[in-house]
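Shared between the two complexes below is subunit A, which has subunit B as its partner in the first and subunit C in the second.
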Partner chain A sequence: MVDVIPEPGSGLLDQYQPGGAFDEAFDADGSVRGTYSRIVERFRELDISEVRRLENLVADEFRRQGITFTVYSEEEGTERIWPMDLFPRIIAAAEWDELSRGLSQRVAAMNCFLADLYNGGGQAIADGVVPRWLVVSSRGFERNAVGIRVPHSAHCNIAGIDVVRAADGRYRVLEDNLRSPSGISYVVENRAAMAKACSWLFYDHPVEPTEQYGRMLRSTLDSMAPDGNDSPHIVVLTPGIYNSAYFEHAFLARSMGVELVEGRDLVVDDHTVYSRTIEGLVKVDVIYRRIDDDFLDPVAFRPDSTLGVPGLLSALRAGTVTVCNALGNGVVDDKGVYPYVPDLIRYYLGAEPIIDNVPTYMMWDPDQRSEALARLDELVAKPVGESGGYGVLIGPHATERELDDARATIEADPRNWIVQELVQLSTLPALAEDQLEPRHLDLRPFVLTGERTEVFPGGLTRVAMRRGSLIVNSSQGGGSKDTWVLAPETP
Partner chain B sequence: MRLGIAYRMHFRYSEAVTESQNEVRVRPLHDEHQQVLSYKLTSRPELQVLPVADYWGTTVEYLGIRTPHNDLELLAEATVETRPRPEPDDAVAAAMLADTDFRTTHLEFLAPSQHVQLDSGGAVEERAVSAVEGASAVQDMVQAVVADVRGALDYRQGVTDIGITLTELLEQGAGVCQDFAHLATGMLRSVGIPARYVSGYLFAADETALDTETADEVSVQTHAWIEAALPGWGWWALDPTNGGTAGERHVVIGRGRDYGDVPPVRGAFTGSGTVEVDAEVVIGRHVEGQASTPVTGPGPSRPAAAPPAPSWRHQQSQQQQ
Partner chain C sequence: MILARHAESLLWAGRYLERAENTSRCLSYAANSITHLRPGEATAEGEMLVRTLGLQDELEAVGPLESQPQLIAFLLSDTDNPGSVVSAVTAVRENLRTVRDRIPIELWEEANGLYLRFPFLGHADAAPSGLHEVLLMVRRACLAISGILNEGMRRDEGHAFAVLGRMLERSIFTVGLLEASHADSRGVMDATRMLRLTSSLQAYHRQHGNAPDFDSVVRYLLHAKDLPRSVLSCLDRAEERLTGLASTAAALDRPRRKAALLRARLELGEVEEAMSAAPVPTLQDFLAQFMELASDVHTGIVPPLAMATVRSQYIRPGDGGDGGDGGGGAR
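On to the complex of A and B.
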């Protein structure tokens, strides 16, 4: 199953040179890895004009479906067609099996921690696993969530865990997103467009389907009804059409067959939430909300919020409705808590983590701080309260001045910073000019938890479109790839 | 001391309101120093009340109304038996404040909070540092800060708004009990003494000079004071508005980092008008053989600030005084 690189010619992959990073498709000798042998073969048969033609077909498909994303630049948001590179990411069955077990394990431990913090009296704190001061100083710790009952103790129903593959070929968790992770709609739409434009690429690949996401989400949310009602009334709560992920909110409501609502479509009466419909008020059991905690209820949180539902907190306290994800998950998204997740896995599950963290220095520890700041030029500094790459300093790309400023900022406010080893993200071929060249990528798989936990096969692969760039965010010129998880071979 | 408390709130809307949702924190806390013998919250129109203990241990009562109304009246009635609170005897050395365990245990009450913002090296810290200069016992530091707050602020109603910063408050030099409590809290935190905000009722005709008269009944507003943590001893309750310690005449509703954790009323309503809130607390000392405290007429009326544009108008709460 190992191909030999042919002589240089006019083929798209003839001059492909994996760099120093782990390449998903080619090993260090330049030989094709088994999982990719068939797809590489197919791309070798293509010439650039054919690839361009396919790319246009995909873009047309996205345009027809209205699949766009919003780039916020200066003042107004600009809608762009969703960018997808044709060369897919392929994950073999055994590799996926291990990765998905690791993801389930991690989300299970984080759910245990949230249940413990908000409904269990904080045993992990009492036992010294996570320091209390770290939790109470986290902006994500939501005191209003204490005592709100959560069915199955499933505080995080939809998690998006960002994983990367380092130079040693092992997966590591880069970031946890337990509030409102987005991107799943692009996963489903990437596959749909790919299957339509180039179905022949799939030939001989037993690819796990993705179109079932709506059903999986629906059954997860069904299990979250407060009173065990098995056909609950579910709504998707969006901030509205100006939100950058509005397309996804509409997609999710449609694929589950439920209403898409804004705050003003809901009303609370006697601590119960109702939806205003043409047939009058209908009780709502489960709200899949895509708005932040602070905006959910202007009575309890930000009084200036017009996005939320006044009185919603009282309904949550009364236990008549479930909000998914639960209130207060931001404490786990706090990067200050991230270094403790492996210990949380050991503490709650009595198991070793299947997927490791990226090695992280906690800036509030004086020894770790001085060690990390001394070699900050090789490391990555991240503010704990941000996500999506905001505020990140990449040491090797920073000037002396930037490094000094970062050191001073961190010294002044160590609680709000972590410093990590720089991960050389793995690469895959992606189209650049008229050749396929290695480009760095990450992966955001989605983990659904209700009565049961399921890991959705694959996830969103984001790819940097510039050579050497580690920035995969679509708002900063990143693209995406269809992600194929291969089904186990049937004997 | 057995006290009968009646807290009456009257929301008057200039135009009919189609909906309002409120959370109310007015129920006295039940603990070793005060026993709640009876309590009930009633409303007109009559509403379903949902009582829940919040993160801070305060009872929150949720109530909402979805029929058009021009008036909403709430009445909280309680009978409470209070006991004197203990006073620290031995001097607690200021050096103990630096203990790491003590500091991390009390982190929530050392860190800045919504209404108690602290600027390192700013006017509040400067004032606090000079107030405690020379004090070697934590008690002396606390008392020096409380005395200094009374020097910095005059008691004056209607001059401050809940959004005021401590620096602005110092510049203005006047405020009501919650301003005194916020300033004292901020000054204590800035010299490393954990401090928390207490919302409650005070049985005194004049909250600036703790009343020791034998009046049987007073008409007042809700009150606010503070507690400071003494290492190895516990929380010491003081009243910066009148300069004394908080004792039998102080009835605790709840404690938090600042006003934002224990507002007596917080709510939102939908409608195009404005709201006026009359609020009044009547506290009576229980005298054998006499009926419980009657509720007298409405207290002083004050228009709320002009509401913002969206259809959900917010009523932060009436100010405490």
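On to the complex of A and C.
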């Protein structure tokens, strides 16, 4: 089918004014950056009615496929259609190259730390790189994981690292997700929907494909078989159809060509995990679990959990099965450990971090605490154990009372808080009413580690859909964008 | 190799898909026939349809049938009635949702799309304004789903269970229709209606002429090998699937043998012979045997609870197995 390029319309970008943040598409003087020149030209050819029509096409596609997410805080009607803005994020090849090297480096160091902590006697702690009390007091630290051997010492097989671009245009890591990072299915489906609704936007852009994720993940998990079996029986373990990320769990199983199981489909017998099939019990080698540690095994963890598999921990200790991501990764997700990651990179890899952290104050340090609390109205306070934007206080947007309450809460429990400099997240044009306006965004790339490490090109770009808002989480009104990584130009 | 739970979901997806189609066809028929029914006949016909669909108990919970709109609401949109079109469509979607990783994307999209097209889902008392359009939409979507199932899905165990579910449900419907027709003392369910309710009128006319008589139609619906809705045709296909599945899943051998026995009884004329003496009890017994077959299939899929017992002993931290005691058992 031949696509028809629409006729010039009435200037969706005519009144576009980049704000104080770094705008990915426009310079401070309003001229278009090179990477975005062609896409800006295309959007200038569109009018609002055409964009709305395309948006509806995309929404219909998502609705038909049931691509939704759940907002748990709402009582009724919690399934919402996944929101996607049509103006894509574009990352040039050289920029991506540096970013992906930085991500690989960071995940490698965190894997070294996890292997050291659970199987290596904790050398980094002994050498004073990370305080012992901080690690053992972390909710994510799992004593039961000590001594469980992990193939290739790859504790984190699937990592989602949240990065932002600050006012100086440089990427910084905002948060590490080494337990069950979600979002990859939306990355792939965003691309599929974009390609169906407006394939002409891709003309002249050598965009790296996204559909290879299933193949990459399968290859990573294949390498994690406990006994070196080169065709292991892999399953994806889901809490079930009512979980907010069920669509993603089904997507992962389908794209890898493996079974999607629930806890009740698995049984442990003689320290070996089996799936219940119509032919009887079949041994399982690798479990890509999308269930938190606490729910994995009611015998070892929460006895009230019906989501997990009784006896799974015994099978892990016996070394008959690999659970990916490994048990106990939450210790690195702890925002209290986050400030130490650059030091872990130096300690394990002997190199300087390629991507910096956001400047962070550790509230358990009295000096840093008093400095941060004095100017809390300029900073961002985060509880160390939360994710999804919950519990975050953005100083400049908070009332005096909220600031006072936060100070008191932090003083009462400093271990559970960090305070960070406010990063003015970079912006990109996004559709608001009848114009494209700057909206803040972040990026969650995915890093896969098994026998070797691969960074999936692109990632999930989340965008705050309200003017000035820095909250990009879909559960709090955020949307998403298709992320284009451009292939290197061939000579 | 298929998970027992997935097998169960696909079996039920097949059954509910067939049920959605059967109930829609019955409703279409009920809605169209009002134009020529005499006073009093509408209620009698409604009761006959409810009996055909095996929903007497569900109707009893609602109360006696008093009007055609009540019948339509009961069969179309009553979410408390597991045999209503809405319930069946919802169940198809829910069952396919649990296996969406192993079915064609188009199959899920069609089932999800059908579910989303019901504007009154969740509102049992809402009367649809365009019944004909709704039923046409359901039947077309059911046909589309069947088409994708047959043409777009790999012929694996999952496909076999979905087909098996359809054949079991279809047999139960056709035998239920024959039973209801024989029990009909008011002459509502004549030969033509039986053919219409099984979408077999045209096929019958081409084969036997256009003046159907009751006994000939009964034989046709029981025995015609070339009629996809005849009992024998359904049994043939169900047995074929069960034979394939039982070659690896031993627990399905019992229902396979039962299906073969039912087929033999039918082919050897045993059922018809018994019907000539006592039609209603014979058909009731026949129907009960199909129910038992469906139950045996279900039992054959779902593993016994004993399998959930954990025999593993506790392994202390740091006691990870070195493979020395058969998979690293407890020390």
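The criterion applied here is as follows: the second predicted complex is superposed on the first by the 477 of 491 C-alpha atoms of A that agree within 3 Å, B and C clash if a C-alpha of one lies under 4 Å from a C-alpha of the other, contacts with A are read in each partner's own complex, and residues count from 1 in each chain.
As a working rule, contacts are C-beta pairs under 8 Å (C-beta built on N, C-alpha and C of every residue); 3 or more make two chains touch, one makes a residue touch a chain.
Computed from a predicted model, the values in this text were never measured in an experiment.
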- Task: Please work out whether A:E279 is in contact with subunit B alone, subunit C alone, both, or neither, and reply first, second, both or neither.
- Result: second
- Message: For A:T320, using the defined touch cut-off, is the partner it touches subunit B, subunit C, both, or neither? Pick first, second, both or neither.
- Response: second
- Query: Looking at the overlay, does A:W133 come into contact with subunit B only (first), subunit C only (second), both, or neither?
  - Reply: first
- For A:D204, select first, second, both or neither according to whether it touches subunit B, subunit C, the two together, or no partner. neither
- Message: Looking at A:D404, would you say it contacts subunit B, subunit C, both, or neither? Reply first, second, both or neither.
- Response: neither
- Message: For A:H271, using the defined touch cut-off, is the partner it touches subunit B, subunit C, both, or neither? Pick first, second, both or neither.
- Response: both
- Classify the contacts of A:R143 with the two partner chains as first (subunit B alone), second (subunit C alone), both, or neither. both
- After lining up the shared chain so the two structures overlap, which partner does A:E352 touch, if you call subunit B first and subunit C second: first, second, both or neither? neither
- Name the chain, either subunit B or subunit C, that contacts more residues of subunit A. C
- Message: So in the superposed three-chain picture, is A:E386 touching just subunit B, just subunit C, both, or none of them (first/second/both/neither)?
- Response: neither
- Query: Where on subunit A do the contacts from subunit B and from subunit C line up?
  - Reply: 143-144, 146-147, 267-271, 299, 310-311, 313-314, 317-318
- Complex contact set, residues of subunit A against subunit B: 131-133, 136-137, 143-144, 146-147, 267-271, 298-300, 303-304, 306, 310-311, 313-314, 317-318
- Item | Residue numbers on subunit A that touch subunit C, as the complex places them | 63-66, 143-144, 146-149, 236, 241, 246, 249-254, 259-262, 264-265, 267-272, 275-282, 299, 310-311, 313-315, 317-320
- Task: Over in the complex, which subunit C residues touch subunit A? Could you list them?
- Result: 1-7, 94, 97-102, 105, 108-109, 112-113, 116, 157, 245, 248-249, 251-252, 300-301, 303, 307-308, 310-315, 317-321, 323, 326-330
- In the complex with subunit A, residue positions of subunit B that touch it: 19, 21-23, 48, 50, 52-56, 62, 64, 66, 104-105, 107-108, 111, 261, 266-268, 270, 308, 310-312, 314, 316
